[in-house]
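Handing you a structure now.
Labels for the chains are A, B, C and D, by order of writing; each one numbers its residues from 1.
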Amino acid sequence: MNPETIVEKIHSDIKDKVQEVALTAPRRIQVKVGREHLNAVLTYLKEQFGYTHLGTISGVDLGENFEVVYHLSDGVATVNVRILTPRSDPKIPSVCSVIPGAILYERELQDMFGLVVENIPDPRPLLLADDWPAGEYPLRKDWVFDRPAEIIPGGA
Amino acid sequence: MEYKVALGPQHPALHEPISIRMTLDGEIIRDADLKLGYNHRGIEKLAESRTYIQNLYLTERICGICSFSHQTCYTQGVEKLMELVPARRGLYIRTLVCELERVHSHLLWLGVAGQEAGFESFFMYTWRDREVVMDILDWISGNRVHYSMNTFGGVRRDIDELQKKKILDSLGLLKSRTEYYLNLAASEPTFLGRLAGVGKLSKETAIALCAVGPTLRASGVPMDVRKDDPYAVYDEVPFEVCTADSCDVLGRAVVRVKELIQSYLIIEFLLKNLPEGPIKVKAPRKVKENEVYSRYEAPRGENVHYIKSNGSDKPERLKVRAPTLANYAATIAMLKNGFIADIPLIFAAIDPCICCAERLVQLDSARNGESRVLTFSQLRAMANQRYKNVNFKKKDIAWPF
Amino acid sequence: MSLKIAPFLPELLRSLFKKPATVKYPFEKTPVPKDFRGNVVFDPPKCIGCMICVNDCPAEAIEIIRVSETEKKFKMILHNDRCIHCAQCVDSCPTKTYHMNAEFELAVLNRHQLKIEYK
Amino acid sequence: MAILKPILYILVYPGLIFLMVYSTFCEWYDRKLYARLQNRIGPLHTGRSGILQPVADIIKLFAKEDIVPEKADKAMFTALPIFALAIVCTAALYLPVWHYTEAASFISFPGDLIVVAYLLTLPTLIFFLAGWHSTNYFSAIGGVRVLTMLFGYEIPLLLALLSPAVLADSWRLLEIARFFQNKPLLMLVNVIGFVIALIALQAKLERVPFDIPHAETEIIGGQFTEYSGKKLAFFRLLGDIEMVVGAGLISAVFLGGFPGGLLPGLAWFIIKTLFVISLLAAMRAATSRIRIDQMIHFSWRWLAPLAVLQLFIVIIIKGMVS
């Protein structure tokens, strides 16, 4: 098994669910799917190639949309499965039924980007404080942190 | 009777703040829950407002023990974004520092395992011998913790013949000491009794919960980024991936000790085959629009940086996944049905390095079992209130003798 | 794997007669390595005012101020309380204006004393 | 004069002043030896080679703020450390250190071995109460562990102390010591008992490998979690004195006591207790903490049967000798 054959197989097997598939760098495969097909694609990758190790889930604020990238790795290549979700309706499906280890990353996404992960087994906040104001999501680009002026104790 | 105990965020076994909520039945843990965020510093947000060069030193400060891991992971990612081919000698030196860091981190872990098990002598001896490798790192990079060796396109400091000789001389000592510790850990009955059979994590659970590093390898899964996705010069270096199939804390210790011995071999190979030439090439300041998923085998496991560039001199997004976060889910599984006495060992066995953002304390009232959650500001107000009410008499404040 | 009674004891007894490994730090100091990154030292005449160091400094610890309107003369204010001693300024400077010294005992009681001015 | 002598006993030697001074010295010796075994220096700066460090630690604790938890039983919480300290100091008075007179210790009486063993058990119960009255989960776990451990080591310790007493045909420390001084070779009969007593004493003192009740990486300070300031200082001092008394008891029973007058007796006392403390320190350095279940298992699987075996050996030897 090498990265090229994985790309070809994805291309031939689940063409209808995948919007884009390409080998962009050595051992890096980019797959773009619609968010409704995410679980199906991950299940396919798990059953067909044994992709069970989820490196992490990265969220990126693109302005209009949020991009969510699932990084799956094994000994052959890393598959970056990418979905887009609009800012007005930031819902993504939970992948915990396919990959149980994704729970912490999904909770982090909820905290930091305000994405709504549907069917998440454990929706409590992970990183942010309990008295963190609702509706503020630190890693969104429009959330700006005003650095307070530095006060050095002991006068000027 | 089941009762709930909060271990941490401040606890002698935890070197950094994290909270474990345990449901105990006598001495046995029935359920555990982790609460993170006491140490979140907002590095990912901060990185978006910094240039690539400034981020080099920011990523280095994600962790104190694996500072070089984070920096290298970031540097390699940015080098790929810049389409830069680093200098070969630079790559060799970079790999050398990687392995030296692994040696010092694993020796540190051995000591911590000894300390958590109450084996203070073991802790003192391993840390004494760790000074040898710390001195090497100090000697080649200039500093003990933050080596700052990486730059885009290579490394910042060269190695001369004298340093080479000194490292090779010290390796012999380290090798014999490591073998001694392996024998010791396997024959000391009290220590072995604490490690063996503790914190079982089956192969299937480890894979399903996406564990990484020695935790995963001790469950018999030979996953190592250095072999799977070779970076730097690992494709030229012969080494073995160390695994154990006992699935317990002892297995994790054995994996680490075996990795130490492999690391010594790698260091020896690198020093003997160090190519001549420049140590770095010139790097551009701006980076084209692209993205990269950089993987690195840190001493604690797979370290991941996802960098997205937007054409300017600052990254659009830097996502960092430290190995410890990946191991938390597995830790919960390991803690269940263990003894209270095993918590520090199981928790230490993933070699936790906590970098996470909230301040909160849960107080369980001893009399009525009610639990209260206090935010940091409330806690501070309580402390101030207490000391306002305390009527210090003059004789209490004065030196009593 | 065989269990022994007190396998650690010989090693322990041996170290009774060895010199302790502890360095009595404030009384005995070990020498610093040659590449040690201590305090930043600035050499004002060499500075050409390109501001690369100010832009590259990760800790915003460097301030470069033009002293005279007519001549190319600069002074540097080092905020040593922010400095993280990464030596990027040494690497970035095109005219080798910076170098690091070997000082490491930098603690003071007042943070204002850490502001160093090089003219 | 008759009244002065007991006062001298209680206050000077082997009473309070001697105990305080000697126990802090023993702690320093234990720490220094433990450090040297680990290739460290140990206490260094307070006094010559840090000999005053334990005193400085206790003075520091006395100067610290003394916090009593809001929900704790204040009277018990305060009284327990004082009681515990008084009890071990009392136990020290029974040690036969004044060996030049017939009445070795002014309160010596037939059967004082049992009294000392009993008095050394009481602090353990006080530790449990201290943990229980602190109203803290960690203290409660520590307190329960103290009691669980007591069931492990107490019976082997008593059996081990019993065998020399059976051999000497007396329950009086003075007579046991005198018996072994006259027949030093018979001390070799009790080697197994000596080892068992050492291990059990280590467990009683709650030191590695038996520091399970206050294992700081697991349950913070165990029964002492909520204690601070002066009360903690009392507990620290208690630990030191208990170590001296325990070492004294073992030397009196197994190592032939402290023959001679005032000065030779004192010298023997110091030599023999330091020998026992050295063994304890080496045991502490060479092992790792074990789990409570492993400890109980170990006591009942090995210590108790071996103690019974020792008793049988003693009975057989006794039959042969007499």
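Before moving on, here are some points about what is shown:
In the analysis below, contacts are C-beta pairs under 8 Å (C-beta built on N, C-alpha and C of every residue); 3 or more make two chains touch, one makes a residue touch a chain.
This one's a predicted model, so the numbers in the text were calculated from it and none came from an experiment.
A simple rule picks the central chain: find each chain's mean C-alpha point, then take the one closest to the mean of all protein C-alpha atoms, which gives B.
Interface comparison, A-B versus A-C: the higher number of contacting C-beta pairs is recorded for A-B.
Mean C-alpha position of chain A lies 24 Å from that of chain B. As a whole-number value, the distance joining the C-alpha centres of chain A and chain C reads 40 Å.
Centroid to centroid, with C-alpha atoms defining each point, chain A and chain D lie 61 Å apart. Chain C and chain D have Cα centroids lying 51 Å from one another. For chain A, the set of residues touching two or more other chains is empty. The set of chain D residues that touch two or more partner chains comprises 37-40, 285-287.
Counting partner chains per residue, chain C has residues 6, 8, 12, 21 touching two or more of them. Chain contact topology: the protein chains form a pattern that is neither a line, a ring, a star nor a complete graph. Against chain C, the residues of chain D that register as touching in their complex are 35-41, 44, 282, 285-287. On chain B, the positions that touch chain D within their shared complex are 3, 5, 11-13, 27, 114-122, 124-125, 128, 188, 190-191, 193-194, 339-344, 364-367, 399-401.
Interface of chain A with chain B (complex): residues 25, 27-28, 52-56, 58-61, 69, 71, 73-76, 78, 80, 99-105, 112, 125-132, 138-139, 145. On the side of chain C, the complex with chain B involves touching residues 1-8, 11-12, 21, 33-37, 55-59, 84-88, 91-92.
Contact residues on chain C toward chain D in their complex (touch as defined above): 6, 8-9, 12-13, 15-16, 18, 20-22, 24.
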